[in-house]
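In the two complexes below, chain A is the common chain; its partner is chain B in one and chain C in the other.
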Partner chain A sequence: MKPLVSEIRRYLRLWRLLLRLSLSEMLMFRINGLLFGLAPIVWAATVLIFLGVIFSKVKTLGGWSLWETVFLLGVSETVFVVYWASFLINLRNFINEVRTGRFDQSLLKPINSRFLVSFRTLDFTLLGSFINSLAIFVVSLAKVSDQIHFSRLPGFLFLLAAAYAICYLFHFIFASLAFWVVNARPFLDWIFEIADFGHYPAGIYPPSLRMFFTFFIPILFFGYFPTAFLLGRLDNLYLGIAILLILALSIISRLVWRAGLQRYQSASS
Partner chain B sequence: MKKYWTVFKTEFQKSSEYRLEFFGHMIMGLFTFAVMVFVFRAIFQGNPEIAGYTFSSVFTYLVMTKFLHPAIRWNVARLLADEIKEGRLSAYLLKPFGVLRYWFSLFWADRLVDILIRLSLIVAFLVLLPRYFSFPGFGTTLSFGLSLVLALFLNFTFNILLSLFAFWVTDIRLFSTAIDLAVGFFAGALVPLDFLPGILKPASFFLPFQYLLYFPIRVFQGAVGPEQTWVGMLISLGWLVALLILLDYFWRKGIKHYEAIGQ
Partner chain C sequence: MAAISVKHLKKYYRVHQKEPGLLGSLKSLVQRKYFNVEAANDVSFEIKEGELVGFIGPNGAGKTTTLKCLSGLLYPDAGEVQVLGFNPWDRKQTFLKQISLVMGQKNQLWWDLPPIETFNLNKEIYEVPDAQYKKTLDELVQLLEVEDVLKIQVRKLSLGQRMKCELIAALLHSPKVLFLDEPTIGLDVVMQKKIRDFIKEYNQKHQATIILTSHYMGDVEELCQRIMIIDKGQLVFDGQLSEIIQKYADHKLVSLILNQAVDPKVVAKIFPVKEFVYPKLVLMVKRDQIASTTARALEQLPVADLSIEEAAIEDIIRELFTGKDYA
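Right, the complex of A and B next:
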């Protein structure tokens, strides 16, 4: 038990150090960091106008009102920005490193290579996007507060944490395919596109598709299930499903990673 | 002209090599298309017609945007801006050809491969989904083709204009993504412009971006009469001329300002 605690502490210290390095990199070009937030504002404006257009024609979409849908957007985007900034950018770099043979450098370091590959940097240029998505979240939360079951807050927070874990494990499995294919980047791009299904109330999809996006490509866990749970539209069963899914994905990711490492051959000398 | 034709042929061959990547990107686009189909199906459940559209016509519109929007676009703004930023523009300036004509040849070669494949897929839709797609007639097809060519010219000119900011700004990515999103929105990539509320609708019909996507698609759908089609194309041509004048002005200003930093 003691070695495990000390190992966790070591990796937390390492992560804080990596965080400080990322932050100092971003602060070298402060204006860049702020202006990169411009695109998310335009994106948010276009999506909110689109939702406004939809709800000017219908009262509900898949049984969800305008503000519930905007709240879903806020939650989904906040989760998306957090996972993009914390590990997605690193997984994309990892794919490139495997392809060019530079992954050796990560293997030679006295740190768990999976940790390094996943959490090496934190992309602070997404600060603007994070503030943007948080603003949508907070404003829409105020509008749907009368529908929120506050007794469900712990479950909501758990599902948010589960969303992050499932996102990470799912992306990690596909990024690890870099050990077998020349360019695994399209797999991550596909997940990015498929995740769009989770930005709208799942009631608009047929039951078979909802099942598929729950158990096989679990993108509904990325934002939809936490939101639906907080709004009282989902029962506690999904907390259990989330736990099982995390366990299953953890095992698969570990197996894929180990098999990939055994297969890896450096392309450099 | 021969030198630009050579550039065109080389780029065309290069673009034809990565077919698998192209189909990979197309499959990606199908996911967001599928989401939009479900969203609009839910909207039209209680409403047979909205803003003059039925679900069938919206479906056709969405298919056309998914095929055409990537086809008319190319990353020319960032590519040329990077050449300017890194000082590599000097190499082009020393060569015996016009820089903008060179990039124009590259653009057309790259886009032609894309458009040919996407248009063949539209033909496949015409055959497989007659409920949503029907052959619009030769006259309409010709008008659609012409409006598409104008859209390509407009898109290229606008993007080159955007890239010229690199003469004065360190990195155009700071705002080019935001502009790209806004242009896509006002081109009708997300939703037909007829659906837009309030002041957005007249604004979108005033701006030139409708001629990138919305106008060619509506011509294809037969929603624009012959007279309106010609008027639309003339206005599009007018915008093209205006952008070319601006392009010429800012290019001359930019070249005087250019310092070839990095070389």
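Right, the complex of A and C next:
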């Protein structure tokens, strides 16, 4: 057994190299992707106008004020875009690779194949969306900053990290369905779309739905819980729930992955 | 100890039957009919260290499937596989660092980048030390004569150049066991020859154990002393190439041009027919019977022209598959 530290360093080095390669690959032929499209700005404007209309009728949404809600949107979107650019794109590629048999190449490498599958590339074309959501985040942060206690920052960061872990593990399980069905892409995409429900104050949902979005399709972790925690609206209990959820999902995704590999049929050439 | 040992390997693919048309698709949604393709059906063999073995057979015989089981991609349905003392399916890193599988129809090179980038990535993945990497790369690049293409986007390379770079990517970590699956497929004759020479040299220089599949007889004829022939998932021959040649060397091909059509069925009953497309009839005849058979043919058939040739190994092997025996 190699010492853990040198193993981690090896994987970090590999990741850096993979990112360098995918960046130069992109620069070779998709340079226009980097020119910030209008789409993210149009999207942001639409949502903000939508929120403006709602808040012209009501004072609070699920107990949250306008700027709290916008802040929630900023956090969720930023997390979401980064997630998309890093993990989701890789999981989608993975599904394709299983179908075409290209996954063979990842399996042949003397390196954790889940790592290779999950970290192969970064979608740099989402840079525009990222800047856009970051702007919403920063502007709204200024408006809610007096509600934020510094003591809550570590918990917030922890919940953000947990958000990635939970979402990644959860999606990974669905992506692994690729070993069973010819095209698992729709499953992954549906599950991903549902995440939108986590962009609004959870108070607007009935308790049963909140439970559902906490434990079964845990999308509330993906923006709502970290933000609520930072704003002092969430119990410490949820830190524990996050840990338990991560453990449970790791075990399940591991089992599914193993079973899937045994079923892997490659593809006839 | 054998470098590779396979005992009663079985690998089935589960596929479902789909009836044509929309109705068929709907039906198969509700009620799927599965059946098994027996791609490898009780395959056993052993290969010693440093051997270069030709693994041949018609399309769909199970060559690729066997290699995929040997390299740990597929989980065998039954049997025992050992490569370098490892069970491939465990895919231990120490195992994977000692093997390589090159598939002529699938590439590992990053399509939009120059090959050198993939090489560098593999260096990291396989943890090849700097000095060794440089030495190996230089050697391979020189042997395969690809100095000029290392920095050109892979998508812009010719098929042959790409195959050479695939080989380099697969050999940078100096694998002890090499599985080459149709490495010359689609290449022109000159390039085939170059790749062949390279494989030969690599095998001799590094004592690498190599299994080479191909359906070009030329590859195998030139490179391998031992061949294994697989058909419908089963090994039908495992031995020296010379055995086959010897067994059939005393056969010759008698080609007849007929000037009048005859019933192929009748001809097949009384002559050892290899192929018959009117007006050309080819017989595979044992050497000591050539005189009598030829005489018989001249007597019983409307022969316009006649010639006698050596049988090509390719033909011999094709005959093996059809199960005919001309002894």
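The rule is short, and it goes like this: the second predicted complex is superposed on the first by the 255 of 269 C-alpha atoms of A that agree within 3 Å, B and C clash if a C-alpha of one lies under 4 Å from a C-alpha of the other, contacts with A are read in each partner's own complex, and residues count from 1 in each chain.
We take it that a contact is a pair of C-beta atoms (placed from the backbone, for glycine too) under 8 Å apart; a residue touches a chain by one contact, two chains touch by 3 or more.
Computed from a prediction, not measured in an experiment: that's the story for all the values here.
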Clash or fit (per the criteria above) of chain B with chain C on chain A: fit
First (chain B), second (chain C), both or neither touched by A:I41: first
Contacts of A:A135 with chain B and chain C, given as first, second, both or neither: neither
Which of chain B and chain C A:Q105 touches, first, second, both or neither: second
Partner chain(s) touched by A:G52 [first = chain B, second = chain C, both, neither]: first
Chain A as apex of chain B and chain C, Cα-centre angle in degrees (nearest 10): 90
Which of chain B and chain C A:E193 touches, first, second, both or neither: first
Which of chain B and chain C A:L19 touches, first, second, both or neither: neither
Least Cα gap, in Å, left between chain B and chain C after the two complexes are fitted on chain A: 6
Those residues of chain A which chain B touches in one complex and chain C touches in the other: none
Residue ranges of chain A touching chain B (in the complex, touch as defined): 32, 35-36, 38-39, 41-43, 46, 49-50, 52-54, 56-58, 61-62, 186, 189-190, 193-194, 196-197, 199-200, 203-205
Residue numbers on chain A that touch chain C, as the complex places them: 10, 13-14, 17-18, 21, 24-25, 28-29, 101-102, 104-105, 107-111, 113, 261-266, 268-269
Complex contact set, residues of chain B against chain A: 21, 24, 27-29, 31-32, 34-35, 38-39, 41-43, 46-47, 50, 171, 173-175, 177-178, 181-182, 184-185, 190-191, 195-197, 200
Complex contact set, residues of chain C against chain A: 13-14, 64, 68, 71-75, 91, 93-97, 100-101, 103, 105-106, 108, 110, 112-113, 117, 120-121, 124-127, 153, 181
